[in-house]
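The same chain A turns up in both complexes below, where it pairs with chain B and then with chain C.
== the complex of A and B ==
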C-alpha cells in the first residue's frame, strides 16, 4: 500500500507560489462559508449546518486512520457522549436560569470526548489491527446498551430535549445564528487538526502508522502515543456530537447505533483519506446526496451503496485524492483519455440502467396495483412495460461490462497521476 | 431442571446455527484477512431465497437452492468487486463489503418490502420429538442441529482430508507461496468465498423459518458473528464452533434469568441500598443478554488476544 500517509502532498512539497495559492484558496473558502447563509433559505442553512458537523466528524475519524492507521469502529461513543453532555449542560442552565455564554456550550462535548478517548484509548490500544477495531466496537455497543437502559441519564425512547438560552442580546432562536456558532467551532476544530499535523506530535503520529515497531525501538511508548491520538480524535468527534445536540436541541440513544460509527468511515474513504480535507469533502458530498435524494426517492440508500462501491473500486484514492492528482499536472491524458471517456460512458449507461430497473422494481413489487407508472424525465413509463425493463437491463449490463473492463486501467491511471515530483 | 435442560438444548441449537454463519466468515478472514461485512447479508439472502423457493419446489430442495444461489452471488461479488481492490489493501476490501451490506439490504426491501415475511416451519417438519416436563420439544430445532453438524462434519473432512482442502489450508497460511507452486490462488479464494456464502445462505434459509425473515436480520446477526469469530480466533473453524456454542448457550440462559446485581449484593445485605440506587443495579440479566457476547469478547481480547483456539495474535 503506497498511499500518501498524512499531509497534503501537493502542498507540502511545492514552492512558495503554490503555498500562497493554497492560503488564498483557504481564505476564499472561509469567506464563502461566512457569506453562505445570506443566499440560503432557513432549510438550506439547516442543511449547511448538518454538512459542517458531518465534515468535522469525518475529519475526526481520519485523524486516526490517515496518521496512525487505527481503524476505529467506535466513533459513535464520543459523538453520542459529546451530544449528551452538551444537552445536559443546556438543561442545567435552562433549569437554573443562569446566564452562560451559549456559544461556549460545545466545550462540554470536547471535554466529554477527551474523557471517553482516554478510557477507550487505554483499553483498545492494548491490541492492534482488527482487534483494536473490535474493542472499540464492543465498547461502543456496551455504551449503547447502557444508554438504552439508563433512562434518567439518556432519556429513554424519546431522548432528552432542551433549549438554547439567549445570551448577550442574541436569541439563538434561528438557524442563522446557530450556523455561525457551528461554523466557528468547525473551523477551530479543523485548525487544531491542521496545526497538530505540523507539530512533532503529528509527525510521530504518522510514524505510528508507518512503522510502529521501529518507533518502539526508538524508545517511544507507542501505547501512550496511540491513546493520545485516540483522545485527539475523540475530542473532535465529541465536539461534532456536541454541535449536533446544540443544533437539534435533542439527543437520544439512537446516536450510539452502529450507523453513527459507520458514517465517518464511509465518508472519509469516499472523500479520500490521503488528503487533509478529503474526509470533509466526502462528508459534504454524501450528506448532501442523502438529504437531497431522500426527498426524491425512497430507495436512496441503494444508490448511495452503489455509488460508494464504485468510488472505492474506481477511485481508491477517493474524490479528494482524485482532485489532487488531476491538479498535479502530471496526468498522461493522451494515453488515458480514451479509457477515461469509455469508462465515463460505461458509468452513465450503468447509472441510467440501474436507476430505471430499481425504480421500476420498487414500484412493481411494492405497488398495490400494477397500473402504476414511473414518471421520470417527463416520460411516464408503465411498470409492466417489457421494453423498459429490457432497455434497463441491457443498458446496465453493457455499462457494467465496460466499467469492469476499464477498471484496471483507471486504477493504473490514478497510480501514475499520484506520483508527485 | 426443565429450564436448565431446555435452555441448554436451545442454546446448543442456536449456537450451531450461529456456527453455520460464522464458519464461512472465519474461513474468509483467515484467507483474505478481511472481515466480511456482507456476510450477514448472505444469511439474509438465504432466508429470502428459502422463503421464495420453498413455496414452489418444497422445503428441502429450497434449502439447497438457497445455498446454491447465495453461493453464486457470493462468488460474483468476490470476483468482480473484491478482487479488483485486493491490491489496494484490506481497508478497501472491507469497505466494498460494507457497501454491499447497504445494497443487499435495499434490494431485499425493494423486492420483498419492509416487513417480516410469512415464512414458517413446514408442516411435515413441525412435530414434537420428545416431551420435556410439560413442553414438547419441536423436531425442527433438532433438524437445525443435524444440518449444522452435517455441514461441520463435511467441511472438516473436506478441509482436513482432501487434496483440495490441503491447498485451501496452505493458501490461507501462505497465499504467495502456494501461487508460486503453480496453484490458482485467486480461484481458490473465489471458491472458498462462495462456499462460505453458501453456508450462510443455507443457515439463513433454515433460521428464517424458525426466527423471522425481515430486512433487519442481516444487521442483527452481522455483529454477533463478528464477535464469535474474534472470540474463537480469527481464521479458526473449530474456534468458531466453540465460540458459537458458548455464545448460544450463554445468551439463551441469560434470556431466561432475571437475576440483577442487587440480588448479588443481597448476599452482603446491601439489597435495599442497591434498590435505592436503582438504574443498572436492578436491571435484570435477561434484558442485558444482548451485551453478553461483547463482554465476553472484551475479556477474551484482553486475556487471550489470539482467541480461544486461534494461533496468531
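== the complex of A and C ==
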C-alpha cells in the first residue's frame, strides 16, 4: 500500500468510502433502470426510451466540451446519419427477408458516426474556438440540404420507415423489448465513456481543453488528437441516432435541424458539464419536461427556455454540479438555506406569473374571438381579464426581484464551496 | 570537438514592416548553459518562439542537431529533443501534479491513443512520475491541482513538465520571473540540479541568476546579437555596457 504522504491513510479511507458509495449508487441506478418498465405504462416506457437516448446523446456532446473544450454545433450530423444508417440496414434485411440479430442494428449507427467523425474532425479541427463551431455548423447544414434533396437516401419529406424484425424468439414489436435493447446500448455507451476518462487517451483529451498549446510542446499532434475526440463523440452520437431510428422505425431530414444540434448543448449545460453524469441528468430532466409539457401546452419550448435561463443564472454549475457540490459537504447549508428558500419562493412566483401572462398572451393573439378562456387549476380565466393580467405581471415582477436579490448571494455560496466554473 | 546542438543562420523575423529579429547567428554547443539576455523589446521572446517552431522565420535557418527545423510543428521539434518552458506559467491547471507529469511521460513513451489501459495502473509511467516529483520536490503535492499550487511550485511543475520528455536541449523562458529573491535562489538551485548534463538556453532578466547559472551569454539588442562570450567577458564588453547595462564607457 503506497501511502507515503502524511495524512494519506485518512484520505485513502475517505476515498475508498466514496468509491464504495459511488459503485453502490451506480448499482442501485442500474437495478432501478432494469426494473423501471414494470412500473410504467407503454407510453411511460416510450418516454423512458426517449430519455435514455437523450441522455446518451448529451453525453456524446459532453465528450467534446468537458474534455477538449470543443463546442460542436454539428452534433445533428452523426445523430442523423446514425439514424439513417440503422434504418437502411433495417430496410435491407426487411426487403431481403434475411435474419439479422435485431439488437445489433444500432452498431450501424456507431460505424456511421465514426465515418462522419473522421470526416468532420479532419476539417473542423483545422481551426479552434468559434471557427471550429462554425465549421461543424456549416457541415451539418450542408448535410441537411443534401438530405432534403437526395430522396432515395433520405426519403424526402416523409422520410424513411422500416420495421424491427423478430429475432431469437423476440418480436421487438412492443416498447418493453425495445427498452431493454436501448438500455443495454446506453449503459454500454456510458460505461465506455467512463472508462475512456481513466485511460491515457482520456487524460490527454482532457489536457487538450486545459492547455492545448502546452500539449503541443510536449510533442503531441493536437489536431490528430482532436479528430480522435470528435470521432469518439460522433460515434456515441451516431449510436444515439441509431437507437432513435430503432425505436421509432422512422427517420426524416428533420434530424439534421439546428434544434437537434442545440438540444444536447442546452441539456448538457443544464445538467452540468463539469460532472460526468450531469449532461445525462440534464437531458433526462429537460426531455421529460418537454414530453410532459408538450401534452399540456403548445408553448412548452418557452418554458423550457425560461427554465434553462434560470438554471444558468442561479446554478451555473448545473443540476449535476449542484448535486456533486452537495455530496462534497462543502456547501455552507446553514447560511445558504434561507437564501435558497427565499429564491425558491421567488422562482415560484416568477414561474406562476410568467406562465399566466404567457398563456393569456398566446390565447389572446391566437384567438379568433376574445371570449376565449384559459382553463388552469380548475379556474376559467378570460383572456381579456385585466385583473388576471395585473396579477400575472405583479407576481412575476415580485418573483424576479426576489430572485435577483438572492442570486448574487447564492453565487457567492457556490463560489465558497469552490465548485464554480 | 564540441558538438553544436542549436544553430541559427542569418535568422530574420518581421511582423509587417517591423523587423524584430535582424539576422541572428547563434550557436549553442552541447552541455553549454547559454543565456540570451537583452533589454525589453530586444526580441528575446520572439527568438524563443522561432527556436521552438511556434512561429516561422521570415528568412534564415534554424538547425537542431544539424538538421533544419523549418516547417516543422512544435510537436515535431519537441520529439527531436527540444523542450521549452514558458514565461507565463503554462501547465495544465485543471489537473493534478501527477496528471500533469503523466502527460509528459505519455508523450516521451509514445503513448497516444491508448484507450485500453487505466492510466493510474501503468506502473512504469507512475514510477517515472514519482521520480520527477521527487526531483522537483512536489511529491507532497501529488494530488493538488496545478491551479492551487503556489507560484514557485507552479514554476517547478512547469520545469518538471519540460523535463518529462527528456529533452537534450532545454529552452527556459524567464524561469524566475515574478519571484522573490528567496524563491529565485531556490529555483536557480533547482534548475542547476535538474538540468545537469543537459544543454540549456535561457532567457532571463535577473543578471544574478544569469551569472550564477550560465557559462556563456549572448546579448541581443534590437534583434541583433552584439556580443557572445563567457560571463566575465560580457561584463567587460564595452558595447554591452553601453547598449544594455546603460553604462557609458566613453
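Just so we're on the same page, the second predicted complex is superposed on the first by the 403 of 421 C-alpha atoms of A that agree within 3 Å, B and C clash if a C-alpha of one lies under 4 Å from a C-alpha of the other, contacts with A are read in each partner's own complex, and residues count from 1 in each chain.
Here is the rule we use: a contact is a pair of C-beta atoms (placed from the backbone, for glycine too) under 8 Å apart; a residue touches a chain by one contact, two chains touch by 3 or more.
If you're wondering where the values come from, they're calculated on a predicted model, not measured in any experiment.
In this superposed model built on chain A, chain B and chain C occupy separate space and fit side by side.
For the superposed model, the angle subtended at the Cα centre of chain A by chain B and chain C works out to 80 degrees in steps of 10. In the superposed pair of complexes, A:196 makes contact with chain C only, with no contact to chain B. Once chain A of one complex is fitted onto chain A of the other, the partner contacts of A:204 are limited to chain C, with no touch recorded for chain B. In the superposed pair of complexes, A:277 makes contact with neither chain B nor chain C.
In the superposed pair of complexes, A:52 makes contact with neither chain B nor chain C. The wider contact with chain A, measured as residues touched, comes from B rather than the other of chain B and chain C. By the touch criterion stated above, A:214 is placed in contact with chain C alone, chain B being left untouched.
Looking at the shared chain after the overlay, A:228 reaches chain C, while chain B stays out of its contact range.
Closest approach of chain B to chain C, taken over C-alpha atoms in the A-based superposition, is 12 Å.
Overlap of the chain B and chain C interfaces on chain A: none, as no residue is touched by both. Looking at the complex, you find that chain A touches chain B at residues 1, 3, 65, 71, 123, 126-127, 130-131, 134-135, 137-139, 141-142, 145-146, 149-150, 152, 258, 262, 265-266, 269, 299, 301-302, 304-306, 308-309, 312-313, 316, 358, 361-362, 365-366, 404, 407-408, 411. Chain contact summary for the complex, chain C toward chain A: residues 52, 73-76, 78-79, 83-84, 86, 90-95, 99, 102-104, 106-108, 111-120, 122, 139-140, 142-143, 161, 164-165.
Taken together, the chain B residues at the contact with chain A in this complex read 35, 80-81, 84-85, 88-89, 91-92, 95-96, 98-103, 105-107, 109-113, 219, 223, 226-227, 230, 234, 279-280, 283, 287-288, 290-291, 294-295, 297-298, 301-302, 305. Chain A contributes residues 4-6, 11, 195-196, 198-204, 206-207, 209-211, 213-222, 224-225, 228 to its touches with chain C in the complex.
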